[in-house]
């Protein structure tokens, strides 16, 4: 019951010109990076990442209120970078993620910033989980980036993405991510879906070619979201994006970066999106946050839904764990959390939840109850009639005859949902 | 302002042993079947169909209340068929749709019933828009039909679908529809998504083969719905189903039967689903109804949302109109509408809305404002840079160079949403 | 079918230093201010108002994108006021609404601005439908205004509201409105509901006393909204606010300003909120806009849902029409509508929809079908048993005895929903 | 990690003619009825109840599927009662709840059934948490019970409720509950809200008089739900119902029976409804279940959301715990859970979750961190300016003057949401 990260109390945290100087490295209750679980350390399993935008760039405005965060590092890109790495060191995790504009705003050279970031990475041992380009904020993208009715906007977006993947490549990023929040529509009345999808397909093909040309070894990820800021986004969810990728023959080149809050906005559980991606050999990485299912927008809260994360990590572990991906804490403190220590409370919540969920998931794997139930449930598909059907040994008429000949009248079997839910949650 | 179908007033409708004997054929305010619009009659455009299940089989129970409709034709399949055709004749439309169990419940021979239906079709000239099999009601299907963990259930479902498409073929149905409401899951904890999707893919392939073997010329349609009765259904929406079909190489064999209420439950407008299907060469037919967007379940109300139907029919007309599909009134009266005349009021509302929407949509086509706006909006993709990009004449670096060389700084252009909405709605 | 406001085409609108100099006063297709309907002119019925904030202050940012509207009047309060009145004159309506900060931002004297506004009102004959204070934007209000944990914030809010109602009073505003978007909570974990409600009750009582003291004759209005920007707002909907007002004995002092988009976010139809307010003698005014029921946030689109506005105005007309209230177009163009003419298209859509809805509603009133159906439906409550029950002539046991003695077995009667929907919509 | 209730495994549960003969009384992991917590036993705190309807009466149909539960006790009321008490004994809890029709269907004397129930209660020591009448299922109630347009339906409902409260009184029920699921509307077009609310107010007043007359000492509870089966229900949520009760002067006579799934359907957290009821001195009892926030209907799942139940019980404990109310497991197994042991798994999940939540909540109470944070947050309302405002010592002008004189410019303080969420959840 004791709150974790107790060393981060109000008395102890004192902010100075090096931002978090008096904060001791966080000691966690559940997160123990070097603890071995199923053959790997907790750190190797979770690959937890801090994102640059929410904590280091966002100033707290909402649609009805002014900015109100006065973070001491907002003045310059250099200060932001310094604060970001200092913060990650205090947390004791290993990865970060960023958009080009997070650290290199308009007028600042991304290349120069990349050098600075590289130095900090070298100094601290922190790695880049993924980089990305912000194609949503600038007015030129108001009607989409690659799906814009103006090919000049497509071209500018291509140049921007090229620079961003170049930077990611230089920084040895483990992945490059696309979230194309404006690529969708506000109204179908002015939108040619077929045309815009063709544009999008072209863009992704160009990116794939370029990735191979420069020898970027990381994965290309797409992050689905159904809507917001647009009424509809082309990357609505994993299945929608999968349809699109298959249409353009790109399904082997992209994996999904799945965000919990985006999943629920699309009407799915986080676990569903993970399971769908895994079942289609397209799972990549997680944007680990929580949405509020009673609110209709992206709240990006720190992940605390233990049940969802246990289930999600269980599925991922079952399929061999993360490869290039990890758990990116794409989350922000609430607007009223104006103090620096709130940033710690939020991240600690997220890290502890992930750690606790990993422990639960690993225990489920070890007990093997869920897997063995599942195996037994489908066992008849692995012999006799089941195999004959799947391996095309029977046509429709033969199956119908079989039903008649054998007077098939299969009885239902309990799905045991309550027993399984108890296994997962209690 | 005058309510339509005025001849259907309470005084005039008298029910007798031929069900609607004293009702005159309906005279509409907007629906004029023989009126020529854009080269075809209204009847040819809309291909309106009455469904057998809601009006002729449903007895009015809900999750909290007992059945309370005492329709005089409920006693026997023969009476139901008689009532169905009598009703359609009074309405003056041309098509019907049915599930196997609607007219041939357990214990009744579907073949014999098919004969009876065929006789009524011959007598009246009414045609079968589509047939289907109910794979949701029987206990054996509680955990899915083709995606059931038990291959015996798959086999029984195959036999049932074979019989249903045989009947549809004999009755010269214009389409055969699948709505697989149990094929999804209640909990991921007991569900192997990859396995179940493979089963589903196998089933559809078997059906395609059989269709070609028997020479059924109609289209195979799939009807997406996101959930209810299950937590998740594999045919969540058009895009999800499209991903599935593409995975199994079936995308050219199936078209979508789009239901308005299912679209909105999936978080989309009806128009979106139609536009998506059209943009993927997969539009088939409509289940024309209205949902209540403030309620989270399938209300199947008669279509009255003029704006959505105008937009939907506009999109369909732009792409050449219905081929094998049509407007199936998959709608039911509210539970408190216990009188026979309520059935007429509901259907008249639907038919009038479709007719009015067709008139509006045709006027939009003729004015050409929406199309010409759209054409102009994307015109730069049809020359110069746009064409070079789309036709693979430039790679990522060349595009980035082009941006630099030409100092591209594209300015945003108004999307004119309000102007276009005024065109559609006022 | 012709789009309305045709004179507002792209060729004709030329923007110059007096903002809309070359635009002719709008000629409408449906809105004819002087047309008599049920004894009043259309203008007198609808009392249409333009709001200052969306069109004259908002610069187009969203949570993922930068400001991008470059309106020529943004530089100074004086220019904004000039543009506002010029715009309303072009539209040919009679009212406006504003928040204090819309026209008198921080550092500008509200009194001086009030003088300027007063001069424009005198010059143009345009009146103030209502004034209000913005208690949501400033950082001090991040945790609520009157319900803030800090009484100093309550005090500052009181001073601000006092100044705003003073200004409204000087400008002969017909109403004063409260929308307290931050008065609610982000998390219950730090919120004392009882304490905060008591604070809110105190504030409203203070305002009522002050209103009477200064002799403000307009109505005090409260505008319900369920959430956004907060997780929960104390004025969730009319019923919730009514509970609150009754608790503090304030139910006779406040009426509701009902916004369509807020109604739907609370899970209600616009008509429901209107009907609830009317049934509780608390209907005041409308914020006439449309939400998008598939999006979970306040989209504030121009009203185009003819069916809802017809029903809403029908209910209002039945109860004698607007008194001090009217139809405030609390709506904004979409973010991609960056041109000045888009502002006209949006407002024209709204005005035409209201006009068309008024014509439909008046026709329904004149035909009297809906009313007479309703009267008949409840007629048994106006005599015999119904009256005995309502007028407390029977207790529970007597009623139970009556049931037994008379062997009461009442039969259900059709609710005729489809017939009534046809009357409303076709 | 071990699943609880391990003795309920498939091998061990054997069903015989006494239903659960071979099942041992359940041993729990967390639920220990006699364990003392904050001065009371766990059993005394939670007052867990099993409901008669879901487990003993429902046969598993849904809107798309046939009944499929073949419970051995369905044949007669006597068998149902026997099974109900046997089941509760195996679970080792103390309370049950029932509707009249659950155990006394049409044609069976409620009085006689009451005798049978009374005997079982005497034999087992199990008590009645509450009784109620089903006013939703019978066709006569299709348009509402007390709010029906026909006063004869009101009268029949009164007679039914009289019999139900008589039975509850005889069985020494701790409460009598009303859930009036049909009292609302399907369409406003045929509904007179003012009239129907007056009817409802009359009914409740009659019930209150009768309760006092017969000397029933339990509480009268109302159970809010926003919709389903109706489009709108008059008891939408606690606040809506509170407005209603206050309008008719009944707010001291009724308390709320709050159901988690109903709360979320209304757009609220469970905790919100509990906190609202507590803040208005109207908290009564809980219908402890979980909804699925991604589904739009009442799923009535067994409670497993530990965070919500911890918070809810924390709030209730803070206010002194349950009085007459308790935790009624208003939950059902999923439709695919067709075996008798599934009933145990579901109930065990619910009971364990409640027990674990109670332990967490008690620990929070004992640590006192949340309370002391809250106390400090509002401390300024307990002295000086805060007290002067609340105790009406200042009017609006005096407050405004105070702001000016003291140059009040209050600074925002962090709401510490993340810290508090960590305290609750980790």
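By letter and in written order, the chains are A, B, C and D; residue numbering begins at 1 in each of them.
FYI, contacts are C-beta pairs under 8 Å (C-beta built on N, C-alpha and C of every residue); 3 or more make two chains touch, one makes a residue touch a chain.
Keep in mind the model is a prediction, meaning the values are calculated, not measured.
Novice: Starting from the defined contact criterion, work out which chains touch chain A and chain B both, please.
Specialist: C, D
Novice: Can you list every chain that touches chain B and also touches chain C?
Specialist: A chain counts here if it touches both chain B and chain C, which gives A, D.
Novice: Using mean C-alpha positions as chain centres, tell me how far chain B is from chain D in Å, no decimals.
Specialist: Chain centroid spacing, chain B to chain D, equals 40 Å.
Novice: So how far apart, in whole Å, are chain C and chain D when each is placed at the average of its C-alpha atoms?
Specialist: The mean C-alpha positions of chain C and chain D differ by 35 Å.
Novice: Please set out, as single numbers or ranges, the residues of chain D touching at least two other chains.
Specialist: 68, 139, 142-143, 186-187, 227, 267-269, 294, 334, 336, 338, 412-413, 415-417, 421, 423
Novice: For the complex, give me every residue of chain B touching chain D.
Specialist: 62-66, 68, 136-139, 141-143, 181-182, 186-187, 227-229, 231, 265, 292, 294-298, 334-336, 338
Novice: Given the complex with chain A, which residues does chain B contribute to the contact?
Specialist: It comes out as residues 139-140, 142-143, 148-156, 158-159, 161-163, 186-190, 192-195, 197-199, 202, 206-207, 209-210, 213, 226-227, 232, 236-237, 239-240, 242-244, 246-247, 266-269, 271-272, 275-276, 278-280, 311, 370, 373-374, 377-378, 380-381, 384-386, 389-390, 392, 395-397, 399-400, 402-404, 408-413, 415-417, 420-421, 423-424.
Novice: State the interface residues of chain A toward chain D in the complex, per the touch definition above.
Specialist: Interface residues on chain A, with respect to chain D: 1-5, 29-30, 68, 264, 267-269, 293-294, 302, 304, 306-307, 333-334, 336-339, 341-342, 345-346, 348-349, 352-353, 356, 360, 363-364, 367, 369, 412-419, 421-423, 425-426.
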